[in-house]
Amino acid sequence: MPTTAIYAGSFDPITRGHEDLIQRSCEFVDRLVVAVADNSAKKPLFSPDERVDLIRRAVGDDPCVEVMQFRGLLVTFAREVGASLIIRGLRAVSDFEYEFQMALMNRNLSPGLETVFMVPSVETTYISSSIIREIAQFGGSLEGLVHPSVAQALVEKYKIGNAGR
Amino acid sequence: MPTTAIYAGSFDPITRGHEDLIQRSCEFVDRLVVAVADNSAKKPLFSPDERVDLIRRAVGDDPCVEVMQFRGLLVTFAREVGASLIIRGLRAVSDFEYEFQMALMNRNLSPGLETVFMVPSVETTYISSSIIREIAQFGGSLEGLVHPSVAQALVEKYKIGNAGR
Amino acid sequence: MPTTAIYAGSFDPITRGHEDLIQRSCEFVDRLVVAVADNSAKKPLFSPDERVDLIRRAVGDDPCVEVMQFRGLLVTFAREVGASLIIRGLRAVSDFEYEFQMALMNRNLSPGLETVFMVPSVETTYISSSIIREIAQFGGSLEGLVHPSVAQALVEKYKIGNAGR
Amino acid sequence: MPTTAIYAGSFDPITRGHEDLIQRSCEFVDRLVVAVADNSAKKPLFSPDERVDLIRRAVGDDPCVEVMQFRGLLVTFAREVGASLIIRGLRAVSDFEYEFQMALMNRNLSPGLETVFMVPSVETTYISSSIIREIAQFGGSLEGLVHPSVAQALVEKYKIGNAGR
Amino acid sequence: MPTTAIYAGSFDPITRGHEDLIQRSCEFVDRLVVAVADNSAKKPLFSPDERVDLIRRAVGDDPCVEVMQFRGLLVTFAREVGASLIIRGLRAVSDFEYEFQMALMNRNLSPGLETVFMVPSVETTYISSSIIREIAQFGGSLEGLVHPSVAQALVEKYKIGNAGR
Amino acid sequence: MPTTAIYAGSFDPITRGHEDLIQRSCEFVDRLVVAVADNSAKKPLFSPDERVDLIRRAVGDDPCVEVMQFRGLLVTFAREVGASLIIRGLRAVSDFEYEFQMALMNRNLSPGLETVFMVPSVETTYISSSIIREIAQFGGSLEGLVHPSVAQALVEKYKIGNAGR
């Protein structure tokens, strides 16, 4: 049977760690929906449209990948796109605990929906979107941490941000 | 593409937790090889043949599942059976750490081979083969913890063991 | 000696997990003060009065349980109500660490006051007030996760909240 | 109602950490059964009789405390002595995980039996029986780590052990 | 070679735990730069100048210690002051994970810069600046938790704060 | 002051992870004693002499490094060689907990002796001596995991071991 999986997150912005997981997932699923959470309460740096656009640039035109926005519960969106798998990256024990709890809750809310966890490549274990934003804000080098398009978007975002202060 | 996954362990003996994971895996893989580690250094309670037999009884004739024995490195065996996925259950943080390390090492040894982690059903989180053996040894109730065939095999094993002392 | 214990939290709102712990505690303490923290800085969904009311509805008229509000340090309030035990639920390792630190600090601040930790029932391990609020906000099913009165209060709260936007 | 609790372990030998927990438990239970596991498979340094004797010397004649040996499942023994509570010390996250699993399993095996966890005093967090044995074996100072009777028993045990080699 | 190390944080305010680590570090480094992060986004209780002043009072005139403010990336500041070591305190597993990730990222950003972790004295493991602020806010005793100058500064800060409400 | 540090372990055998930590330590200590624990109870694969020899081959003639064997308590040996620092590698949370406990105990046994923890390079996080032995036993590739001399010693050791069965 063809499998549709969902890989959800803020992607504010997408990092090399996310890209790595997307590629690995496409090795065993037929269709991967990268789902950008439109959670305005978190006050993201990039708008949902910008985040979708950056993911598309970083991932390229892999036929396995589809990038979409969503609001509300992940399980509802998963059902809408016909996904039977949720894919999550695990970098650390603290990730694991919250993820574990969410996996159990999502299974309770939508019994047929399974969560699988994957380990990112070692080179990307220390990369997170929040660390990336902090480095960009203070002008540190982003080489190897994000796609060149993302690096440029970050530079522009903080240039405007600093000018506007 | 049809996906073959491998689910390896001692299965000494198979528990309801293992059964749960086997069923969940078959929802998104086409073929699941349950691989019984023939590790005599660990002095298992059941012989590899007995463990394979108990798994077959517990799992029944699910066409998705194949039960095999293996010796040596898991990555070598995975390659032999054509598996591209290793499936592991995660119950606790301490599991997670060792598993994380093994997943990275296995990827290093066999780059195309991916590991995915799954969460067992909450009802089985506290079941492990070693706790099962301890309960059986002292005559505690195994109801709901293992398949009836496994419960009976445990009773017989410890009856003989106690008689032989 | 009759033992008074205190079980403090935000209870925003009370979940089936909290109810489970309250019942278990009453098996070995004589009086349990459920203490609702009036912490306006956290911007709770329900007012302290509403939270006390929902706990009373969920718990019913168990003579062991008393529901109260408090402000300030837990150790001060514990002394005021004559409690010698603090009861805490542990669901995850990350809970544990913070709780461990607080237990040591509370013992330092009030030497006779002991903290004991309990494990909730497996069916409630993945339930937290914040996940409950998120599910309610997006119209997911709350069945089995909270008391019917709490479910109804959540529905009304978010109806008003959405209307007011 | 008068509460009987059980505090089980190898106590090979009893440390200041164990003594601390015994004293703290007696603040809120009426009777505490200190249960020495007679687990010959673990090849303890002290015999069960010696371990019971050392606990009695270390604890003194506290009317709250009763020291007993047991074999088999803890839940069975708890029922025999009329205990409704199992008391466990938590020093570290790794303790916590195994303890959590055992608490859930014991509740499954004996529904009325509750487990509560306590935090030892900070001064004893790094003391464990295995570290104590290692220090004693190589003639390190045991002051403040174990009761003087235990220190002497360790010195004698290793003197004999070394002479016998 | 003389070693310069950096010990960075919010120090809002400095606790006995921080003091303990500063003293231990000076046993093996020649110069320790205590670096106060000027992170206005976190809305600290004390201004950067006040925090520097309190550290100076608490640490006294130890020739090993230098107290400075910094903004931006720690690795940039470390380079500016000629530090080859970053010193971090580890109290808990949850600290460890974030710290681990930051150590790897900082090494990536500045290859010659090493991070070493130290364990505070057991008496200070449960002390954190946030717990200190909470105790001070509600008038709890700060004895043994912070330097007397810090205790006084906290009392004055919250007196003003409460008056201004 | 010139600093002597000690880096102790089984080194059965030394891995690229150990080598990495030795090099990093020599950046900030003047003399590093690599201390091979002669713990026959653990039934190591290589004799203490072989392990010392393999470390010397892997490390080369770095004037900072000295390789020695020791028996008994690490704190006693540290005092004998004039070390004021113990260096430990941290790969995982489970490492951390035991290490934390040992650091506190060693400080209790020898107050002037400090423990610092370091993070290995990401490329070596998943390498441990026990995984190396397992890979070698079953003929997996050791490239990049250990020094060539160690790889050869492992091959010979298992050739003899297999022949002798």
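For reference, chains read A, B, C, D, E and F in written order, and residue numbers begin at 1 within each chain.
Please note the rule applied: contacts are C-beta pairs under 8 Å (C-beta built on N, C-alpha and C of every residue); 3 or more make two chains touch, one makes a residue touch a chain.
From a predicted model like this one, the values you see are computed outputs, not experimental measurements.
Peer 1: If every chain is reduced to the average of its C-alpha atoms, which one ends up farthest from chain A?
Peer 2: Between chain A and every other chain, the largest centroid distance is to D.
Peer 1: Which chain is most remote from chain E in terms of Cα centres?
Peer 2: Measuring from the centre of chain E, the most distant chain centre belongs to B.
Peer 1: Using mean CA coordinates as chain centres, what's the chain C-chain D distance in Å?
Peer 2: Here the centre of chain D sits 32 Å away from the centre of chain C.
Peer 1: Mark out which residues of chain D touch at least two other chains, giving numbers and ranges.
Peer 2: Residue numbers touching two or more other chains: 93-94, 97, 100, 104, 122, 125-126.
Peer 1: Let me make sure I understand the interfaces: which chain pairs count as touching?
Peer 2: Per the contact definition above, the touching pairs are A-B, A-C, A-E, A-F, B-C, B-D, B-F, C-D, C-E, D-E, D-F, E-F.
Peer 1: Where on chain B does chain A make contact in their complex?
Peer 2: 1, 3, 24, 27-30, 84-85, 90, 93, 96-97, 100, 103-104, 107, 112, 114-119, 121-122
Peer 1: Mind listing the chain A positions that touch chain C in their complex?
Peer 2: 72-73, 75-76, 93-94, 97-98, 100-102, 104-105, 108-109
Peer 1: Inside the complex, what are the residues of chain C that reach chain A?
Peer 2: 91-94, 125-128, 131, 134-135, 138-141, 144-145
Peer 1: Give the list of chain B residues in touch with chain C in this complex.
Peer 2: Touch list, chain B to chain C: 93, 122-123, 125-126.
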